[in-house]
Each structure stands twice: as C-alpha cells, then as structure tokens.
Amino acid sequence: MSEQTQLIPGNSLIANSPEEGRALAVKIARLTIKITQPDAEVRDKLRPAYANDAAMLIAIGQTVAMEFATIAKANNYWQ
Amino acid sequence: MSEQTQLIPGNSLIANSPEEGRALAVKIARLTIKITQPDAEVRDKLRPAYANDAAMLIAIGQTVAMEFATIAKANNYWQ
Amino acid sequence: MSEQTQLIPGNSLIANSPEEGRALAVKIARLTIKITQPDAEVRDKLRPAYANDAAMLIAIGQTVAMEFATIAKANNYWQ
Amino acid sequence: MSEQTQLIPGNSLIANSPEEGRALAVKIARLTIKITQPDAEVRDKLRPAYANDAAMLIAIGQTVAMEFATIAKANNYWQ
Amino acid sequence: MSEQTQLIPGNSLIANSPEEGRALAVKIARLTIKITQPDAEVRDKLRPAYANDAAMLIAIGQTVAMEFATIAKANNYWQ
Amino acid sequence: MSEQTQLIPGNSLIANSPEEGRALAVKIARLTIKITQPDAEVRDKLRPAYANDAAMLIAIGQTVAMEFATIAKANNYWQ
C-alpha cells in the first residue's frame, strides 16, 4: 500500500522513535512540495534557491516543525 | 450534500487513512484560494508564480501542514 | 445579539457542519482585517493587491487554516 | 490590578463570549506591539504602513488568530 | 539555578498570573534572539531595524503569541 | 544510539527542565537546517546573513517557539 501513497510514506504517522518521526516529518514536507510542483526538473532547479538562502532554510525548518508537532502527538511523544 | 460544498469536500473532516487525510488537507487549502480569488483565469495565471518559486512552495507546504494538523486530530491520528 | 458583534458573527464558534465552520473561519478572518482597517474604501483598493498576488493568497489561506483549527476544535471536529 | 497590567488587560484570559474573547485577542496583540515599541509617536507613524498594506493586514490577522486560539481554549470555547 | 539559565528565566514555565505569563513569553522570545546573536553590540544595532518596522513588529507579536500559547497551557490558563 | 541520530539529539524529546527542553528545541531547529543544507561551508557562509538580520532572527525565534511547544508538551510542561 505504501507504494501507492504520494503524500504520507507508508500511509502511517506512527514512527518507532523521535528520530524516525522527525525523518518522517522531513519526508512529508518534501512530498507536499512534490505534489505542488510535480516537475522534477523544475524542483531540481529550485533546490539551490532554498538551500543557499538563509530565509528559506528557516522557513523549511518551520514547516518541518509543524509536521513534527502532528507526528509527535500521533505517537504520544514516544512516552 | 458534498456537491454543494465550496470549502470542505464531502462536508467532512473524516478520512480513511493518513494519505486520504493529507489529500483532503491539500484540497481544502486549494479551496480557500479559490474562494478568495474566484476567477479561474486569474488563478491559472498565478499558478506559475508559485509553482516555480521556492519561497511560495514552502509557504504552501506550511499551509498544508496546518490543515493536516486539524484533520489528523479530527481522525484521532488514525490510531 | 449577532447584529452588535463586530468580530465573531452570531457571537458563537458553533457551526452545524465542517462547511459552515469553514465559512465562519473565512468570515472571522475578514472581520479582523475590517477592524484593523475600518475604511471600506481603502479595503476595496487593497483587494486587487491580494487577490492577484500568489504570496498573499497563500498567506490568507494560512490565516483561514488557523481560524479553522480553533473552530473545528470548538465543534469537537463534528464527530 | 488591571490598571497595572501592561500586557494582558484585566490580567485575565476569561471572556464572557466569543466576541469579547476576540476583542481581547486584538487588544493583547496590540499591547505586544506597544511594549516592543513604547514610543507612541513612532507607533502612530507606523500605523499607515500596516493599515494600508495588504500583506501586513494579513499578518495582523494571523497574529490575532494565534492569540484567539489561546483565549478560546482558556474559555473552553464558550461551550 | 535561575542565574545559570540562558533560555528560560527561573528555569520554569509557571507564572502567577496571565500578565506574568505574558511577560515571561516576551523574555523567552528575547533570549532566543540573544543566543542566536550573542554579540550585544550587534543586537543593539539591529534594535532600530525592528522597532521602527511595522512588519517586524508584527512578526515579534507572532513570536510572543506562540510562546504565550505554551506558557498559558503550562499554567492551565490560570483557571 | 544517540550518536547515530541526525535530527533529534539523544533520540528523545524528554528533558530534565524547561531550560534543557529549550536548549533541545534550539538544537533540533539547527539540525533541520543541517539536513537541508548538509554542506558546512555553505552554512558557515549563511550564518552572518541571519545573525545580522533582524527579520531572520525573529523567524528563527518563531521556529524555536514551535519546536519548544512540542517538547514542552512531551514533558507535560515539567509540572
């Protein structure tokens, strides 16, 4: 089933650990970009734009923080 | 009833899986744009503006993250 | 009582459905703009500025997402 | 006691209704600006900058949405 | 112990009142800036940049709103 | 195990105190930047860009506020 998903890898928010949950947050954030701009060539051209721009790196960090808040809650904070 | 909705497809936040919930988040985010700028022609002209701009792609990602937080909670994180 | 409100239509966060709750979120977001810039003429002049600007449309979408998060919770996600 | 407060009017998050709660959110948002820029003359000069700028009006709306989320929760959504 | 803290004054999120909680939110927001830019001279030079810029004042307001949301919850909204 | 983590130091959201939790929030925020821009040389070049820019310092503060909200909740606000 996970092979058919486009937006949530494995179609689950459950992760074994905070580290795995954070990696999932990063992936989910990237998949939203991918569905909004499906052309891989365009995305490749945009990569240097954000990876070399401090403001955009910070904005990506905020996106990951938001996704992680949801994932952490879904996993009851791994308590 | 879902045919009459303009803002929430199917008039429900319930989704069968994280993947469906995420797709719903993407749709809801788009419908807000649509009601704010109802002219399809204008929206079509704006599409390249954000799909080719790294900062806007990130901002869209943040919007989807926010909508998904609500949908995930409504679905008790699909636990 | 709802006629006297300036910020929350009907002075209530309760909505009959997700669609109505979303429409309420849109209205509340607009009323905040209205109280911050009470001059209707100025607001009318600003309308094209945001309805034709991709970045601003996205920012409006984020605002509505935030308002909806509160309304959805107030309605226990219409479960 | 409320006369001595600088940041939270009445030193309380409790409001009688959604409308009053929203008005409190607006006031709290403004008081943060005031403590960050205590010079009334400077604030008066900045007012046209944001009241006539669509992007800033939207950003103010996001701030009020955030404050309201906290106030609404403090009041158990007036249920 | 509070003398050794750099990020959370008093090493506690507990505040006696909403006003004190809000003041704590303001302090915590400032301490994050301080740890990111530890050079007091640089921070002093940046102060006019944000205290005289409407967009930055609004952004600071959003930061304080975020910190306050956490502090208010930690104090059970002073109920 | 913590040596292998790239995103969450110690692979845990648990912290002994608000101060430690806040420091963890700062570290997690930085590690997201690091995974997005893995080239240390580029990151070093970007550092002055944000440490000397008021708007970026504020945006970093917002990121840390978001991460801290999650960590504080994971630790039940150290009550």
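By written order: A, B, C, D, E and F. Residues from 1 in each chain.
FYI, a contact is a pair of C-beta atoms (placed from the backbone, for glycine too) under 8 Å apart; a residue touches a chain by one contact, two chains touch by 3 or more.
In this text the structure is predicted, and so the values were computed from the model without any measurement.
J.: Quick one: which chains contact subunit A and subunit F both?
T.: Of all the chains present, none is in contact with both subunit A and subunit F.
J.: Just to be sure I understand the contacts, which chains border both subunit B and subunit A?
T.: Correct list: empty, since no chain touches both.
J.: Can you give me the shortest step count from subunit B to subunit E, moving only between touching chains?
T.: Step count on the best path from subunit B to subunit E: 3.
J.: Fitting the CA atoms of subunit E to subunit F, what rotation angle results, rounded to the nearest 5 degrees?
T.: 60
J.: Interface check for copies subunit B and subunit C. Shared numbers divided by all numbers used: above half gives same, below half gives different; which is it?
T.: different
J.: With centres defined as the mean C-alpha position, give me the subunit A-subunit E separation in Å.
T.: Measuring from centre to centre gives 28 Å for this pair.
J.: As a quick test, compute the distance in whole Å between the mean CA positions of subunit A and subunit D.
T.: 32
J.: Calculate how many whole Å lie between the centre of subunit C and the centre of subunit D, each centre taken as the average of the chain's C-alpha atoms.
T.: 16
J.: Give the residues of subunit C touching no fewer than two other chains, as numbers and ranges.
T.: 50, 53, 55, 59-60, 62, 66, 69, 73
J.: If each protein chain is taken as a node and each touching pair as an edge, is the resulting graph a line, ring, star, complete or other?
T.: Drawn as a graph, the chains make one closed cycle, so a ring.
J.: When the cyclic arrangement of chains is written out from subunit A toward subunit B, what order is obtained?
T.: A, B, C, D, E, F
J.: Quick one: which bits of subunit B touch subunit A in the complex? Just the residue numbers, please.
T.: Touching subunit A: residues 17-19, 21-23, 26, 50-55, 57-62, 64-66, 68-69, 72-73, 77-79 of subunit B.
J.: So in the complex, the part of subunit E that touches subunit F is made up of which residues?
T.: Residues of subunit E touching subunit F: 5-8, 11-13, 28-29, 32-33, 35-37, 42, 46, 49-50, 53, 55-56, 59-60, 62-63, 66-67, 69-70, 73-74.
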